[in-house]
Amino acid sequence: MLHHSEVAKHADADSLWVIVKGKAYDLTEFAPEHPGGQRILLKYAGKDATEYLPKEKHLGDVDLTGMEIVAKEETQEEKERKQREANKPAMDECLSLYDFEAVAKSVLPTAAWAYYSSGADDEITMRENRNAYQRIWFRPAILRNVESIDFSSTILGHKTTLPIYITATALGKLGHPEGEKNLTWAGAEQGIIQMIPTLASCSFDEIVDAAKPGQVQFMQLYVNKDREITRKIVQHAEKRGIKGLFITVDAPQLGRREKDMRQKFADEGSNVQRTQGESVDKSQGAARAISSFIDPSLSWKDIPWFKSITKMPIILKGVQRWEDAVLAAEQGLAGVVLSNHGGRQLDFARSGIEILEEVMRELRRRDLLKNGFEVYIDGGVRRAGDVLKAIALGATAVGIGRPFLYAYSAYGHEGVIRAIQILKDEFEMNMRLIGAPTLKDVTPDMIDTTALGHRIVEGAPDYLMRANYEPLAGVGGGLGAQPRLISKENKALL
Amino acid sequence: MLHHSEVAKHADADSLWVIVKGKAYDLTEFAPEHPGGQRILLKYAGKDATEYLPKEKHLGDVDLTGMEIVAKEETQEEKERKQREANKPAMDECLSLYDFEAVAKSVLPTAAWAYYSSGADDEITMRENRNAYQRIWFRPAILRNVESIDFSSTILGHKTTLPIYITATALGKLGHPEGEKNLTWAGAEQGIIQMIPTLASCSFDEIVDAAKPGQVQFMQLYVNKDREITRKIVQHAEKRGIKGLFITVDAPQLGRREKDMRQKFADEGSNVQRTQGESVDKSQGAARAISSFIDPSLSWKDIPWFKSITKMPIILKGVQRWEDAVLAAEQGLAGVVLSNHGGRQLDFARSGIEILEEVMRELRRRDLLKNGFEVYIDGGVRRAGDVLKAIALGATAVGIGRPFLYAYSAYGHEGVIRAIQILKDEFEMNMRLIGAPTLKDVTPDMIDTTALGHRIVEGAPDYLMRANYEPLAGVGGGLGAQPRLISKENKALL
Amino acid sequence: MLHHSEVAKHADADSLWVIVKGKAYDLTEFAPEHPGGQRILLKYAGKDATEYLPKEKHLGDVDLTGMEIVAKEETQEEKERKQREANKPAMDECLSLYDFEAVAKSVLPTAAWAYYSSGADDEITMRENRNAYQRIWFRPAILRNVESIDFSSTILGHKTTLPIYITATALGKLGHPEGEKNLTWAGAEQGIIQMIPTLASCSFDEIVDAAKPGQVQFMQLYVNKDREITRKIVQHAEKRGIKGLFITVDAPQLGRREKDMRQKFADEGSNVQRTQGESVDKSQGAARAISSFIDPSLSWKDIPWFKSITKMPIILKGVQRWEDAVLAAEQGLAGVVLSNHGGRQLDFARSGIEILEEVMRELRRRDLLKNGFEVYIDGGVRRAGDVLKAIALGATAVGIGRPFLYAYSAYGHEGVIRAIQILKDEFEMNMRLIGAPTLKDVTPDMIDTTALGHRIVEGAPDYLMRANYEPLAGVGGGLGAQPRLISKENKALL
Amino acid sequence: MLHHSEVAKHADADSLWVIVKGKAYDLTEFAPEHPGGQRILLKYAGKDATEYLPKEKHLGDVDLTGMEIVAKEETQEEKERKQREANKPAMDECLSLYDFEAVAKSVLPTAAWAYYSSGADDEITMRENRNAYQRIWFRPAILRNVESIDFSSTILGHKTTLPIYITATALGKLGHPEGEKNLTWAGAEQGIIQMIPTLASCSFDEIVDAAKPGQVQFMQLYVNKDREITRKIVQHAEKRGIKGLFITVDAPQLGRREKDMRQKFADEGSNVQRTQGESVDKSQGAARAISSFIDPSLSWKDIPWFKSITKMPIILKGVQRWEDAVLAAEQGLAGVVLSNHGGRQLDFARSGIEILEEVMRELRRRDLLKNGFEVYIDGGVRRAGDVLKAIALGATAVGIGRPFLYAYSAYGHEGVIRAIQILKDEFEMNMRLIGAPTLKDVTPDMIDTTALGHRIVEGAPDYLMRANYEPLAGVGGGLGAQPRLISKENKALL
């Protein structure tokens, strides 16, 4: 049995041990992914945090003699959240993937919502991921026989009921005690492939064990500086039947997500925090700590080694320009995911759907698609129509992450099932309406991408003009919707 | 006499019978068009719902012995609506078509407003229909003799006082007890052609009977899987003197209109609804049910058959790209309506006015206009200026739907008459101001379409910058329109 | 002496007489320009309306025996307006032309504000006039000697201290009892040319008489169907020393300004108005009445006649495309004003500043500038920088209308003087900052017009995404600026 | 000892003396830079204003006998400000440069905030400086070894830890009693070069004395009409070790900043001000006074003279188009700063980052970069990503002004240190994420500038349509987010 003073020595980003319900856990690997991630986990210590902690990190029981215990009162905010949870809408009321997000926003603890929903820096890229789809329009064909609609497809040769896979996202238990297993179960039920994340809350084997016989799973990989660890992980995955290795290449360092970072100040008073001595240098330390976990020296030179340790098809996840997609194909890899990590890494990275057009053009120009090289995208997908736009541009399939997280945060794995069913309904509807009975019929002429490059920022508004202008009001609204000039005298009365 | 237990057996989308005031009706065909359409109709059962139900669907009287009756109280919302109706503005206050919409929004029951006003998915297309007109500007000519202005025209050879027709819209009695007959009467009075919808609340013959001798009417057609039914409908229409057959080709399946769907959850508590057992599968069933009514297998192969059963000119309604307009002309049809179904079917379908430019270019290039092939558009028209833009681009006429529905929902058929008169005033004004005494003078050089393709979405706003920036305030407004930083302490005081 | 019953016979748009303070006036010509214009004038009858009425329209005293008198109470709105007027900011607080507008908005009676500030239809063009300037940017030159700045110029050979003239606007007494004379006095003081409007509140001769010896004035002309009246007006003007004849060519019919029209319903209850029998036909009558005053048959054929009756240089005011500017130059006229009538006539007419570029290009291409043909623009000018952009594009001068109206509505003719001084300050500043000591140095390379054609309308917002997204909040703002999901239960509490 | 009546004679812009705590100061040079600048300084006279006044301006003690003293009460606004200051967030809560601005906005006296934060005219350019960065996107490369990141560089041959320098800004003591020395100290600590402003609150020598041995400083120069003064200043600077002379060329006259100007009216009642007789002419006098301090006749002809009086490298600060950058290089100068003076001079001047592209293209085309000619930009920089975009386009370094002012206004020089550290964190992160281990690897192909020229202004909104449209609301939001039509009756109840 460890003494609590021993655990207390491992209190920084290089080695982080925590005590929960008299048990010690080594959470060092969680620190980098989540700036202040310890806080999130510890926050629920009084209740059932053990559920959020991966079993393989358990170090042993702890002797708590002499340790100071801080009891935490339930905050007003938490009380309100619980009331919202008790009154949440029936699942049937969710009509689109947006609705699961709305419910999750309402019922998730603030810290979990902040972690899931945040993006890098000003969150420009995160929102651009959605906006970019709004710049592509359909050119539907009419009078085609669309009685029977088939939206099934294959990914890396494996059948899928939709050209969609569940992409990897971290810390799945923040949203629901069963974490990533919700996704496994729903994927099995609906015939959708799941990509298992490196930073899952459930252990890798738990997630694989949760799969049905024959259910296809992929694995997402953060490459460790210690390549032996990586080799072990990869070869274990292959042995467990994983069908594709998606190496993350857009995260040599994990992004700053200020909304999430700011959350820690909201939790604790700023003076308290100041006296805790969290100085400027410490936060720099966190940044440095990351290099000990994910290898920023990973480069094209490492690709042959990966090919030497596994027979799984290798896909690069996080390609952001055509030059790198071409390199990947030339190196004989199985595919690329055009992705900016859900807007969580580099702000002002373009969206996958925008890049897709240039990538397909350059791959075709070089005849690099002939050997079955596949191109996927992820980021911002909320409607079947979004996916069809990607298919028309040449994508094989599209990854969906947050919407499924939100679905199970709101309603468990049944939420994910319902979300997939909604997508199927939308697919059937949209394919009928564009005149495409199968995905092969979703051809480039079915979309209009003339506005795709129009990344537009509104110019500075002319406030003085706007202040004087009174918006037109129709019948019943009358004149004078905008207040008259506020004189100093009148202002005092406000 | 039917026993109510017999009626109760027909309680799903495949066969839907309902009881109103002791009479049974077969409303199966109404179900698909209106997700939850039964509810709308039943909702008013306590009052005068028989007026909303087509006579030909009447199955017979029902023996109500032993049936449980649920009395419905008038809701607070309904009370407020009635008060608004009692205080609605005088019709003369309506100065533009927008005003009728504003009044209708105020006086229509919520469910009716939801049904009429909703669009597909995110309603992007529905709003784009309006926005697209804002991207076309006039190039007015001066010093032309515009003393006498003539905006009369012909459609399929039939005279019209305006290059406008009343297009088909469903469930007309939701807005007014006389339903579509309001449009017939106003069309007669003002010399405007009406297109009769398949899914009218009034029966086809009622609407035809309401016409004045010599009044021109067209018919819109949803094609039934059972072609004999379709043949009967078409040939009956031709016999009754219908002058044009507009086959809807943009609705192999009817669109999801979430605003409307959500309405049903607003009507009833979500728990109630859950216990009613409306499971996920059921709603999927509704989608499938649609195929039994409208034929999704309808294709170009069917066109010769249509030409064989009628001498009426055939027009395809819902063409959305030039390729299909060219096909229609090559098949010898009389014309096409460039339409996205008022934004109620496929989201991200482009607007008719945008497509018009490419369609006319391609038809001219192939010399396909020589045999009198006519091109119409509909969707988003609110001003005579909109129509003139379409005329300048080469359209023969423009269909108007919702604005006339709103006009009679607010003021009966006199509302429609006033709406048409307003359009005539606008036509006279606008044709004078662009220097075109007749519609022939409305030529392509009179518009500037350079911005037509600029479908622009605002980029992600830079919230941190905006939070710091204080908008300029002119004299009287003073500095500091935007609050200073809200500290944690001050926030607690809010 | 007229009997009031005689006056009452002239009660429609064809002949409109009114009684004010026992005197009869013939206001027929005012009706068309101001839909419901009679109302505005009559509204102040109880007070000092005679000041608003042109003397030459006086028909004689009226015998009021037996006439019903309606006394009007001062409304709450009018009381508040007077309070605002008493507390209006000191004139020195006005730092830009916007500020005069803000003060005028505050102190003008509602009807006057509605008349001055309104535009046609949706007021798209009126606002575009301002927006277009925001699409032109400067390319300033540095290290040029800008110690002495000279912004004087000539218009039609007459000296002006600024490349600006006061353009014609109607009904000047609505804003101030001295009406257009405020502009004459300020123009004299500041060395700026005034264009006298046909529809002035002051009589033509009053305005001419108010001028200082040698002060240059132009005249704006609405052409009457009765050309003898027009000939008399023109030749009288020439005799009185008017130096230029600006024939309005963008108003064969006066535009619908709904904000202004709606005002009449705000003044009176709608029921009252309904019982007054103002039927649909009556408002159509108003539209027809306009043809009796302004001649919609005016055409290029009339130009020689104008040249035959006057030696004044003739300029067309309201040209809206290069083809017509070219025609005007080819006909030997002195110039054109590129204008859309301040956005009060045709909605979706482009702005003068946008058209200017194409007009100058085409005139130069045809060598039509050699004989001193001058090009002016008006509409939306608020800053010296706006004018400099026009000069750089090749304009001779720029007309300013509403801002000067607002300036005297707020502070009498001293307001106009101050407004011109502010413009001079801005000219000095801006010419220094772009490196142009004289107007000749303001060359085309000093502006960047690449964005000039970008008339952009924001696409339909993606409301569901936006509802879920929480705008980033910086330090102090905390997380959660946007409310969490509003459940039915919580909603009831709102 | 001066008698106060003597001081009172120097009371206009040509010679402005003020009395503070019984001492007289000559503040003539401060007047032009700060319209109403005297007020700012005098406002704090009751407290510790001597700290804000440069020692070298001290004229001597004053005999106050008989002078009227006006005691100033602490305003409610000032009380609230102090409370905000007492409760300001801990410095660690500042996560980006925006946060320092937010805190400064909260704790700065209103007049100081108005002075620092304001821009010219409508502040379009000031905001465009930020917006322009949003139009450039990254094209990140993957799989490059980014383990070690080096963002050090050189400016004019001098080492810097970041490609950033602290640019010159005026009146530094408004924000903090140590004024510009905060920047010197932080620059020393973090290895960043400071540019010393002409209009500093601290004297030039104070700032130089504050530097550490070997610390590099540049000097910004407003050129005086009296070239002997300028020669003395320049040669003194060179003697004191200044390494670069940045001559401001975008300010022959100082810009109108209306937000700042308006502030004076907020301080004093408008009536008071009116009776003080601050007439129109007086404010014009201020504009004229400026020419006596900064020389508007400065031109290219003066360049040889500058080269004759100093061996320091000479850089032009405020170049705004490629033609002038080319001229500067051809004249053998050391470089240019592409700048619009932080949006404080000419409104509608384009941003430095936009001009940079054309400048580099034209310099390269003429081979003018070969002799080490350097190009800098400033304006709107808030993130390391902004700087990397400039580097990719070819800039040597980027100047940052306001953000550092805000940082020390909020937290003294430690605020500036923290701000620079945040930038370093962002540099490390962003360079890893774009795949560039050193600044040399930040190449043009790493950015997408296709949208750079898209200076877009939102078109006029279609208010009538928007008023009728009900934004979609997802689950929980329900229908009816927008109010129904407001009838006259209901309106009365509001």
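To keep things simple, chains are lettered A, B, C and D as they appear, and every chain counts its residues starting from 1.
Rule of thumb we're sticking to: a residue touches a chain if its C-beta (ideal position, glycine included) is under 8 Å from a C-beta of that chain, and two chains touch if they have at least 3 such contacts.
The chain lineup, named per UniProt: A, B, C, D = L-lactate dehydrogenase (cytochrome).
Predicted model, so just to flag it, every value in this text is computed and none were measured.
Student: For the copies chain B and chain C, give the interface type as same if over half of its residue numbers appear on both sides, and as different if under half do.
Tutor: Different: fewer than half of the residue numbers at the chain B-chain C interface appear in both copies.
Student: Quick check for you: after a Cα superposition of chain A on chain B, what is the rotation angle, between 0 and 180°, in steps of 5?
Tutor: The two chains, chain A and chain B, differ by a rotation of 90 degrees.
Student: How big is the gap, in whole Å, between where the Cα atoms of chain B centre and where those of chain C centre?
Tutor: 39
Student: List the centre-to-centre spacing of chain B and chain D in whole Å, with centres computed as mean CA coordinates.
Tutor: 55
Student: At least two other chains touched by the same residue of chain B: list those residues.
Tutor: As it turns out, chain B has residues touching two or more other chains at 89, 93, 95-96, 98, 102-103, 106, 122-124, 127, 131, 134, 258, 262, 270, 454-459, 461-464, 467-468, 472-478, 485, 487-488.
Student: What pattern do the touching chains form: line, ring, star, complete or other?
Tutor: Here the contact pattern is complete, since every chain touches every other one.
Student: Which of the residues in chain D come into contact with chain A in the complex?
Tutor: Residues 89-90, 92-93, 95-96, 122-124, 126-128, 131, 134-147, 269-270, 383, 385, 418, 421, 425-426, 428-430, 432-434, 445, 448, 450-451, 454-458, 461, 463-464, 467-468, 474-477, 485-488, 491.
Student: Give every residue of chain A touching chain D within the complex, in rising order.
Tutor: Residues in contact with chain D: 89, 93-96, 98-99, 102-103, 106, 121-122, 124, 249-253, 255-256, 258, 261-262, 265, 270-271, 273-274, 278-280, 283-284, 287, 291, 295-300, 302-303, 316, 318-321, 323-324, 327, 345-350, 453-464, 471-478, 488.
Student: List the residues on chain A that touch chain C in their complex, please.
Tutor: Listed in rising order, the residues of chain A that touch chain C are 84, 87-89, 96, 98, 101-103, 105-106, 110, 114, 117, 122-123, 127, 130-131, 134, 258-259, 262-263, 265-266, 382, 456, 458-459, 462, 464-465, 467-470, 472-473, 475, 478-480, 484-485, 487-490.
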